[in-house]
Each structure stands twice: as C-alpha cells, then as structure tokens.
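Naming follows writing order (A, B, C and D), and every chain is counted from residue 1.
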Amino acid sequence: MSNALLEVRNLSVDFHTARGTVHAVRDVSWSINRGETLAVLGESGSGKSVSASAVMNILDIPPAQIIAGEIYFEGQNLLAMSNEQRRAINGKRIAMIFQDPLSHLNPVYPVGWQIAEMMTAHGRPMSEARARTLDLLNRVGIPEPHNAVGKYPHQFSGGQRQRLMIAMALALKPDILIADEPTTALDVTIQADVLALLKQLQAETGMGLVLITHDLGVVAEIADRVVVMSQGQIVEQGSVRDVYHAPQHAYTQKLIGSAPGKGQIKTLEPDLPLLLEAKALCKTYGRFTALKDVSLTLARGQSLAVVGESGSGKSTLARAILRLETADSGAAFWKGQDLLAMSPSALLGVRRQIQMVFQDPTQSLNPRMSVYQLISEGWDIHRLMPDRNQRQMRVRELLEQVGLSAEHASRYPHQFSGGQRQRIAIARALALEPELIICDEAVSALDVSIQAQVIALLDDLRERLGISFLFIAHDLGVVRDFADTVIVMKAGEIVERGPTEQIFSAPSHPYTQRLLAAALDPDPDVQAQRRLLATAQA
Amino acid sequence: MTKLISQRAIASLLSLLGLLVLVFFLSRLTGDPAALFLPIDASEEMKAQFRALNGLDLPLLEQFGRYVWDFLHLDFGQSLRKARPAIEVVLEAYAWTLPLALITMTLVVIASIVLGALAAFNVGGFFDRLVSIVSLVAASAPDFWIAIVAIVIFAINLSWLPTSGVGTPWHWILPIAVLFIRPFGLIVQVVRGSMLGALSAPYVKTARAKGVRNLPIIFVHTLRNAMLPVITVIGDQAAAMLNGAVIVETIFGFPGIGKLMIDSILQRDFNVVLAAIMVTAIAIFLMNILIDIAYGLLDPRIRH
Amino acid sequence: MIFKQILVAGLLASGAIAPAMAQSNTDITVVLSEELDLVDPCMATRSNIGRVILQNISETLTELDVRGDKGLMPRLAESWEDKGDGTWQFKLRPGVTFSDGTTFDANDVKHSFDRVFSDQMTCESARYFADTELSFTVVDDTTLDVKAEPAQPILPLLMSLVTIVPSETPMEFVRDPIGTGPYAMSEWTAGQQIVLDRRDDYWGDAPAVTKATYLFRSEPAVRAGMVAAGEADIAPQITAEVADNKATDFSYLNSETVYLRIDGQDAPTSDLRVRQALNAAIEREAFIGTVLPEGTELAVAMVPPTTLGWNPDLSPPAFDPELAKTLLAEAQADGIDTSLPIEIVARTENFPNVTEVAEALVQMLNEVGFNATLRMVEVAEHEQYYSKPYPESEGTRLVLAQHDNSRGDPAFSMFFKYNSEGTQSGVNDPKVDDLIARASAATGDERAALWSELFAYVHDEIVADVLLFHMVGLSRVSERLDFTPTIATNQQLQLSEIGFK
Amino acid sequence: MSDLSTAIPPAPAKRRAAPLLAMLWRDKLAFVSAIVLIVIVLFALLGPALLSDLATSQNLRGRNSPPFDLARGWAFVLGGDSLGRPMLARLIVAARSTMLVAAGTVLAAMAVGAVLGLLAGYLGKHVSQAIMRLADVIMSFPSLLIAVIVLYVLGPSIPNMILVLAITRIPIYLRTTRAEVLEVRQRMFVQAAVVMGASNGRIILRHILPVVAPTLVTIATLDFAFVMLAESSLSFLGIGIQPPDITWGLMVAQGRPYLTTAWWLAFWPGLLIVITTLSLNLLSNWMRVALDPSQRWRLEARSTKDE
C-alpha cells in the first residue's frame, strides 16, 4: 500500500451502451498527495473523467459498471464503503468542480444557498454556513458578495460561475480537489484568471489538485505531473516537462505534434479580385450591441479570420451576411450586389455560392437524413444534377475528397465520430461548388488531433479549388495556422485588423495584446517563463 | 409581469369574443327552447308567447345585437328555464365546482408529485413498476363506472360514506376520490418522466459530489427543476376541472358547473350556456395567470 | 397513499356518521330524479315541480281521488254546481289562510287564473284551457262563478290542475311559493335541496310528517341506495334493476303509456294491413318481466285503465308473426311498397331500458319482413319528430313515445294524439275528429260511452298506432314509513298521505 | 490515430425492423401489449363479417345470462346482455366501431392539428396569433355543446362522432406541434438548410416534420385512450354513439343500470377499454425509449446481459 492520500488502483469500468459494452477505462492507476497537481490529459472518449467520477461515486450505475480495481483514500477502499460513508467524504474531504458551471449549478436556487448547502449537508449550522459563504465569495473574487448570494447562476458570467463552483468546492477545505475541464468553456483571458485562482488557493490550503483536461496549454501552466490517457488506458505518465519534451508513446507524440500555432504563417497574395465587401453593418438586440459599424473586404482565395471572445459579435457578423439575421443597417456586397437588399429569387442563386460550416456538426446535420441525402440536398434545392448515377458518383467523390469513403453514404450522422461529422458537413458545403465558405467555429468542438486534420483539409481545399474562407474562431493557434488576414473583434466592434504575421508578432491594440498573452503555450518551459515575466511586471 | 398579463388578457378577450359569436349562433341551430320548456301538448300560442317573452322571436342578428349590448353592460340575460339571471345560476354552481376542483387538484398534485418523484428515483424497481401500472390503469378507467362501483361498495354495501350529495365533508370524499383518479394517473406519469430527465442533469452530479443526501436531491434539487412540464399538465387538468366534472357531478348529485352545463345544453337554456362558458373562460384565464406566476416562482430564469 | 388515508378516515368515521344520517322523529327525506328549475305554483302540473309543491304547498279547488274511486273531491272548494250556459259556481272553503298569513278568498282564485293566462309569463296550466275562454265573477268572498266559452263539461276536473296563490303574487315566476297547503317552503338551495316545514295554521288535519327535505339525484342506483343506506326515505322512479328489496320497493301503474306513433299519411303505413302487421309482429308479452318490470300492462288505449270511459272489451293484438307476414304479402300484392325503410325514433332516457325496448322492437319488425332501423335521439331532437310538422323521410318513421295522463279524463290525451289537428297525431279521420268533439262536450255516462267508442274505433278499426304498454313505476320507500305510492306519485307526492309505522 | 479508426462500428445493413422486434421482445410488457393490440385489430377487421348475426340475435327471455356458462355455446362464455345477445360476440363486433371512432378521431385531429401547428410555428407572428386564438376558442368551447350541435344538425353516426371528438382534440396537437416547431426551427440543421437556400415548404416537410413526428405519435397513442373514454362518457350522457351502432364505450354506458345485478354487462367492455388503453400506454412508453437514441440502451443493454 502506497502512502498517497488518494490512490486509484487498477480501475476498470465498463459502459453498457447501445452498441454493446464499451471498456471505458482499463487498468487505470494514479495517485495524488496534498500539495500536488496531477493532470489527467486525454481527448474526448479517452476515459479521462471516468476514474474521477468513480472516486466521487457519481457514475451512473447502470449503464456504468466497475469491473475491477480499488480506490484508496487515507488507506481505506472507497469502493468497499457504504454510500453513506462515501457521502460524508464527498465535498468535505474530496471536492469536485466541473466543465460547464452553468449546467452544473442548480438553475433554480440562489448561488449563496448552493454554496451554503455544501456546509449544511455536512452538518454545519446555517448561520455559520452563511457567514462563510460571504468569505468564500470574497476570496474567489465575486464582487459585492452580499448581493451575489441572492442571485441565480444565470445572472453571472461564465468565469464568475466557475469561481462560484470553486468557492463551493473549497467551502469545507477539502484535501483533494478534482477539476474536470474547469476552463474549457471559458474565453482565454478568463481561463488564465481561473487557473491563477486555482493555483493561489492550492498554495493557501495545501490541497491536492487533480486536473482533468484535453488542453496541453493548461497542463503546461499548472500541473506537476501528467497522466496521458487514450482509449481508456494510461499510455504515458511522468513529470510535465519530461512528457512534453520526450514523449515516449506514439499517441503522446502525435498529440503534442498536432497542437496548433506552430505552422508557417500565410501571407495574402496581392491583387486578388474582390468577392465580398461588408459596409458598416449594425445590429442590436434590445440594449445589447452585437455589431457596430463593422466593415470588411474579402478577396477571392483569401482566408480571413475573425477573432474574438464570446459576445464579441463575430458569429452575428456571419449570420448577418448570410441573412440568417437581419442587420439593422449597412450593406454586404457580393460581387457588387447587395446581399441584404436582394430579392428571394436572386438570393437563392447566391446561396449556392456561399456555404457555411457550423460549429457543432452533431446539430447541423439532420439526424434523420442519410449522408447521401445530406450531401445531395443542395442539388434538390437548386435543381441540379437530376441524374441519379451522376449524383452517386459525385457524392462518392466528395466523401473521398474530405477523407471519408464511399460506403459511408448510406449511413446516418449518429454513426460517425465528431470529426467525421464535420467532414460530412464540409462535403455538404462543397457539393454546391461554392466560392466562399463561412466557417463559424468550425473546429472548436473537435479534439486537437482532429482539429489539425480538418484545418489541413480546409487548407488543401482552398489551394486546390481556390475557395475563399471567412473563418470565425476564438482559438488563436488555429487562426494563426489557417488565416492570411485577421480581424479582431470586441463588443461588436473591430479593434484591429491586419495580416496574420503582423497581428501575431506586433499587435497594436491592447486587447489583442491581452488575448495573445492569455493564450497558453503547450510548452511548460515557455509557460514558466511567461509566469516569471508576469510576476516581474507585477 | 403586468405587461405579460395585459397581453394575455387582450388575447383572451379576442378568443372570448370569438367564442361568444360561435356559441351564440351555433347553439341556436339546435332547436327551439320553447318546445322543451313547455309540455309536449302546449299550444302554438303558448310557444309563441314564450318566444316573445324571451326575445327568441326576433331576427337572429337582432337577438345577437341585444345580447352583445347587454353583455357589454355585464348583463348575461335571464335563464330561459329558471326565470333567474343566468349569471346568478352560473356563479351559484361555480361556488361548488371551485372548491371541488381546488381540493381535488391539491390532492392530485401532492400525491402524484410524491409518488412520481419516488418512482423516478427508483427507476426500473418494484415501486416504479407498481406506480406505473397503477397510474396507467387509473388513467384509462371510465370514471362513471368507477363512480357507481364506488357508491355500491363504500356507501351501500359498507355504509362507510354517504352515497351522494354535498351536506357534510363526508359527502365530498367519494366525488373527490373518483375525480382524483384520472388526473392522478396522468400527472404521475408526467412527473416520473420529467424527474427521470432532471435526475440525469449535471447539477444532480454536483449535489452528489457535494455529499447531499438522496431525499434533498430528489425533493429539493431535482423536483423544482422537473416541475415546469408538470405545471403545464397540471394547468391542463385544472382547466378541465374548472369546466366542471359532468359525470361525477351528475352521479353524485353535486350541483356544480358541469351538471349545470349539460342540463342547460340539453334544455337549450342558451343564456345559461353562454354565461357558463364566459365564467369558465374567465376562471381558466385567471388560472393560466396563476400558472405563469408559478412558472416564475419555480424558475428564476423565467422571472428575470 | 391518499386512498389509504381516505379509507382509514372513512373507517374511523363510519361509526360517527351512521347515527347522524339516521332519521329520527317525523322528518323525512325524499330523493327525486330531477332538480327543479322553478317552484312557481302555476308550473305545478310539470311533474318534477308538482311532486314537491302540488297539494303540499299549493292547493287546488278540487282534487281527483287516485287512491280510491271517490272521483273528484273538494279541496279549497267545498262544493260546486253547474249553473248551465257554461257557468259553474264554486263555494270556497272559509277560514283558510295562506302561509304568509293572508286569508284565502275568491279574489285569490281569480288572480291565480289571471296569472295562468297572463301574457307576461308562460304558465304550464294554461295548456288545459287551450280553446276555452274563462271569465270569473266574484260573488262574495267564498263564492265564485266561472263561465267557460265554449261550455266545458269537465271544468271542476280542470280546477284540480290550477293551484291557488294569494292575489298579491306578482305576474312573474316567484321563488318563494305561497300557498294554502299543509307545508311551507323554508329553504331552497338551488342544485341541492328544498325543505318544506309543516304549517301549524293549516286548515285541515295536521299531517304526520313535520318536515320534508327534497334531494335530487339523477342516477336510479344512487336514489335506491340512499334509501337503503338510510339517507332518504322515499325514492320515486327507481329502475327494476335496482329494485331488489320486496319490503321497500313498490311497483304501481304510473299513468304513462308507451306506444309507437304511426304517421298514417306516409307510405307504407297508410295501408291498414301494414299497420295491422306492425301490431301483430310485436310480441308484447316478451318485454314484461324482462326489459320492463313485472306488473307492466299491455295497453289498449292511450290512457291508463283508471281513466273515464276506459274500454274493458278491448284486447291487445295477439303476437302472430305469420299473420303479420300474410298481411304484408297482401299489401305488397296490392302495390304497397312494404320494403320502404321504417325508422323507429326513440328518445334516450325516456324511460328505463328504452334502448333495449327499441332495439327489440326493431328486431321483431324485421323478423316479419319490415325494413326497420333504429335512431336514438336526445330530447330536443325527439320533439322534432314527435310534433307536427313531421320532417320528411324516404319511408316513414315510427316515434316511440311515452304519454302521461293521470288526470282521469281522456280529454287530456285524445285530441293531441288522434285528432287530425292534434300536434302529435298521425290520424286524419273525420269520424275520430267527430267522436273527440262530441265526447269533449258531453258529460256523465254519455261522455264515458263516447270515449269508449273512440278507444275501440282507434284500436280495432283504424289501428291508428302500435299501443304497447301501460308502464309501471317503481319507488323505494323506507320501512319506517307507512306509505304506498300510487298512479299519481308520478305527478304529485302528497306528504299528508305519509304516515309512520 | 485517425478519427476514422474511432468511428463507431456500423450496424449491419439490414437494420430497422429486426432490431425493433428484438427491442420489443426485451420489454415483455410492451411485447404483450403489441400482441393484444394486434388481436384487437383483427377483431375489428374480421369480427363484423363473421359474428354480426350472432351479435344481434336477441333473446328477451334469456337476457343477462351469467358468464362462464358454456351451456349456451362459446359465444356466451362472457355472459349475455340485457337483450340476451352473447357478450363475447358483441365485444368482438364492437371492436370495429370503437377502433374506427378512436383511430379516426386521432388521425383527423393529428392531421389538422399538425398542419395548423406547423404553419403557426413556422410562418409569421400574425398567422401564428390567429391560429393560436382559434385553438383557444376550440379549447374553451365545451365539448358537450359541440357534440349536441353536431349530432343535432348532422345526426348521430360514427363519422359525426369522429368529427365531434376530433374537433375537441385538435388543440392538443396544434399546441404541441407549434411548441416543437418553435424549438426545432432554431436548430442548426434547419439553419444549415436555410443557408443552402431551402424553401419554407422543404424545411417544414423535410427537416421539421420528421423531428416532430415521434412526439405526435406518442401523444396520439395516449390520446387514443382518451378518445375511447370520452366517447364512452358521451354515450353515458346520452349524446354519443347510439344503438344500433355499438362501441365498447356505449356498452359500458348501457350496462350501467345493471352494475349491481349483472356486472358483466359493463365490466367486460370496461375491461377491454382499460386493457386497450393500457396496452397503448405501455407500447407508447416503449416507443418513447426505443425511438430515442439516448434512451435506447435501456432496451439494448439488457440484451448484452441476457445473452
């Protein structure tokens, strides 16, 4: 028996799913002591969260089933304990925070009550819990704690919600905090703040921190040790620096290799003909300004990135150009014709030339249509290619073009993985041979390795077919790899624009500088240096 | 909130007017009230006199104009059969229907929420199956059949309860019990379904990770979130009950709006029918507002 | 869980309720099938109203004896005589007061009739005087001359149908009926109950019942159950199916007659043989003791046997399907299209088991070769088919109807049902019209003889309709009461006739 | 590793019917329900042709014969009715009208309600408002009055009964469809179709309707039960189906006076109504799970354990 405070030993968990039994994790072992930070790194479906859920007794059984293994906490096997004993440990000794604080906080109770409940559930009197709640809110940096306790989760911003989760988790000063993708849904600048807060709190309380993440940058920023998981198994573990600089396993090597932001920066070829020109687009929702006087130009073959954090108006821009939303004022000229003033019949012709790839392919593909139907729907709409054989040939071609195979045509979206679904969405966009593809966060939901493949595919299409791209993203690394021109948006306005090279090497606007500074580098050494620099500046 | 209510009020007023027109003209297609008020061998003169006294001899449009005019002065006309203001008759009946509906719905809501929530927590278990089967049978049994069997068993054979009527609280037990069954069966299923969804919500995981006990997880954390669809169904069922429980009222001699409605329809007492529909519509409108307020109370996201 | 609580509560309470429900002393509870829309005395001839107020709250000048055979008896009038020329003189009972304390006199009678004929309200009783003009002369407080134009030989009998109200009564329906009867209404909670209390200052003998509470339940099983459970003492109009206790359940001819009204102007029923075939095709006896209660009698006339002029020589047509087939074949041979559709129109809830009766009738007709179908309708629609003008149809319709005459004289039935002008008549026969006119104008034995002749002519000669049954009513009466329901229980329920054992 | 390798292994090509049957077999209650419903449908299809004469042969003197007595033949095993007709034969024959009324009502109401709901959900605010007010009017129109009006003006018959009941049920489908459409039209794949230039008709028919349909089918199965009970209640009140037509609801209503003396008159048809609605409910519960990919494991997971 080791001396670790918490030790997962040879854990195997199965999930009984629609397609038979899935071995969610196999023979997983890790341990952690007070004061340590352990990162569990893995892509979606790697089983990185399962062992933590088993620790917290929050696996749904069924469909989950623990096949083998033990979990020791202070030398006691948690899996052999009664539910009541484990309940007493949860929250008090081991606490957990989650990826999406909006859905993990109860929407119908005030946050103060929810934080206090952590204490009352473990026998503390209500008065004490209330007082401590105010302290905690203060400590995690929620403004006006007295007001905040009575508010509901939806009244806070994403970063504040994660702070609230943290306050709740730390209420009883647990020995271990498990953080499951705590910053994934947050904008980069806020991610940096939250990670900093976690680190400070760890230093204060001396707790052990288990960080479950898919993001190499987060690992580099915060962890001491890392466990790399793939397909339910641990493929590699060790200190963060060792693993980053000398990955042993092929999977780890590939993962580190596909981290974005390392490729050749593209430059815009001069004198390309103008394709799209947006002029002074404005859009407000009530009192909220989504677009304020936004203008841009896009040339044939150009790939223009629009970068910004959530709420910056970057998606509204795309939707306004496509007339999915009606702009309040302004114009968008497509080859000299104003899209926003076009008659429905004229618009139909243009729709063929501009296609869109959405963020989440799970939602943008009709689940009740086969891949063949999805791809050929555009031809139905625009009355193209009536010949069935020709259609089948073209669908096959398109599938092969995006890296799928012909026999996928008869399947349905739910039978594919996320990356494959995005490929189908791209094939659908290509079917109408468009001149412009608007990608709205088209790769944000994908794992890094798949993200790299999709970016490569889009790049290839641009080069071979001369398609232009309007690329909307929040991830600077991806933008750096793909775009030749960048527009930075904040609160509905364009704050800076220029060639990619210039934006990344010499940002002029302070906001752009902040964005770039907050982005995490996968290299732990780079991150360590930045931290030093930041402390020095402060 | 006031804006929402005034918007709803305008919408309801529109449909109320549509309803008024439809009911007024359609009901007059269904025969002559004079023939039903008077005995079968009454003379034509008597019938004519009855029609004249009640304004039924006027051209239809003029009748309608007069009705609308009176209606705008909050006069719903006289009952053709009872020689009393129609509104008085209706409100009297409503005074019985309202408490019946209120008590029954309260019991239904409490019972179905408790049982449905526990069944959902115990999904697949014995208690869950029991509740499911009982609720399904409850939702599919003809109520008049149950009512008469209940009277035969509990009132006549066992003499535990009075057969019918409204004299004492004991008289209310059987009607309430019979009226209880179907909405209970329906709502239990909705509660169970909604709770099943809510129990797999992420915040339940958070609560479990906090070490919260099962009962607070079910009844504090999950139930309130699961209540929105339940409230909608409760609203539908309550609306049905505000329309009166025709069958139960008929069998148990309960002088509510349902019995009044069917009697007035069969006897072509147009003014009472119209007044009853108007009062019911207003009651349902008020109830919908209550439902909206309940939504807001349950879910702060709607409130803000 | 809730159920269990209710059950437990019920169990605990059962001991407590039982004594509370039991009726001690001389108060009784009557459970009726229909609620009362009105309680105005001038509507007392409507049976559901009459059962509560007739002779209990409001009295009439004369009263027909339905228990014995005393015929027409004095009530508020002590005596009457025919002064000739259509004028009758009534001597009124002195020393009678209304329940509001005012004294009863001839002016009250005159006012009561004024109300009946008023054009400001529609009183039911007016229908009995359809073509008769009445004029009243108050001779003194207790003497009243009534002149009828044309002369009305049964005017004293008609007086048993008009209730007397004080002369202060307004010309609109009242909700607090004032009468001279032994009881006064002390409570009317619409939809719930009506309570009558015995008057101390009643002119006649004080009845045994001190207080009567009327409740209303439409379900016969519930009504019967209430008596069984001690919640009520009298439940009129229960069905044979629930009348399972010989000690409490009484059956009696209830003055209702069920028949199939034939439209004699329609093909194929315009042919006598077809009408005879209809009569021969029906096995009337099979209904009795099965879908209709024991005691139901086969009808040979529109009115019950207690009526003036009832003809004992008539016998119901025998069930003879062969005869029916022969008759039909003969009619067919004479060019009558006997395959024309015959629709039997019956009214739901008209009388207990009406659907079964109608279905059986249809089957019986079809078995001898008629092309009969059934159409069950609700009350308002039934009225459309029952009363003139009759809607057109491809063949003809037979309307299954129930007619009530407990008034003792066929005049209340025969004109409407058989006169060529009668609202529900399917007959157009001058001899019938003539007989009705003569009988209505005649008195005494001559009147009886003429009615008898009419019954025979209608039944045997022209076979005007398919007379089926004199119906039996069933009432459940608590064993603590000394009361036997009679033919008049349909129309009135005199509390003074009720005693205690 | 390529994302292709993580692709979920595709199910065999000939899926659809066979796995559905297998899933049905897993849920024994739903399986029995399906059998029961098939038998009832067979009754409805074949019963009237085979048993109509037997079901209408009256015998007044042999009325209300008790059940479980084979002396008068198999048809009397469930007893005889108040006119001496065999209950079993009548129940089987009545299945047709019962099913006709219920299915006709549900289908008619669903068709009209769904079309109006799709229009209200997808077209502009004014159309939507107009349709919703119409629904409100229908909702507050007492169904008893509709019944009396239709039956008085048009006469009592099975098609008219369907009309009456269908009118009262339309708002349920209308409101559900509209609510679903409002939600579905916000989904990405609808937006994707708009971007491709799809017309309103195409979006409604190809993209929205298929997503809304399962909900409608679920409601329809539940409504089936409701309609049978409503029809029965109208018969009880004397404004429903009338003899010589015959439905289970009518049989229950007609058996009412005999509840204390001949319980089988109302009991068997009542039991059939309960069994049918119960079967429909169970089957619809099963369907809700079987058609929902995120719930389906409940039916399939057990299979891995069983095998």
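The rule is simple: a contact is a pair of C-beta atoms (placed from the backbone, for glycine too) under 8 Å apart; a residue touches a chain by one contact, two chains touch by 3 or more.
Because the structure is predicted, anything quoted here is derived from the model rather than measured.
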Chain pair, most C-beta pairs within the contact cut-off: B-C
Per-chain CA centroid nearest to the all-protein CA mean: B
Centroid-based (C-alpha) most distant chain relative to chain B: A
Centroid spacing, where centroids are CA-atom means, of chain A and chain C in whole angstrom: 86
Distance from the mean Cα position of chain D to that of chain C, given in whole angstrom: 45
Whole-Å gap between the CA centroids of chain B and chain C: 37
Multi-chain contact residues (two or more partners), chain C: 221, 378, 380-381
Overlap residues in chain B, where contacts from two or more other chains coincide: 30-31, 148, 152, 250, 266
Set of chain D residues in contact with two or more other chains: 148, 152, 238-239, 259-260
Touch relationships between chains, expressed as pairs: A-B, A-D, B-C, B-D, C-D
List of chain A residues in touch with chain B within their complex: 56-58, 60, 87-92, 95-96, 98, 100, 103-110, 117-118, 121-122, 152, 154-155, 165, 168
Contacting residues of chain B [partner chain D, same complex]: 11-12, 14-16, 18-19, 22-23, 26-27, 29-31, 132, 136-137, 139-145, 148-149, 152, 239, 243, 246-247, 250, 261-262, 265-266, 273, 276-277, 280-281, 284
Contact footprint of chain D on chain C as seen in their complex: 220-221, 239, 241-242, 244, 283, 286-287, 290-291, 348-349, 352-353, 355-356, 358-360, 362-363, 373-378, 380-381
Chain C residues touching chain B - in the complex, by the definition given at the top: 1-3, 6, 9-11, 13-14, 17-18, 20-21, 35, 37-38, 40, 45-46, 119-122, 124, 126-127, 130, 172-173, 175, 190-192, 215-219, 221-222, 225-226, 228-229, 231, 378-381, 383-384, 386-387, 412, 416, 423-424
Touching residues (chain side chain D, partner chain B) in the complex: 129, 132-134, 136-137, 139-142, 144-145, 148-149, 152-153, 225, 229, 232-233, 236-239, 249, 252-253, 256, 259-260, 266, 270, 273-274, 276-278, 281-282, 285
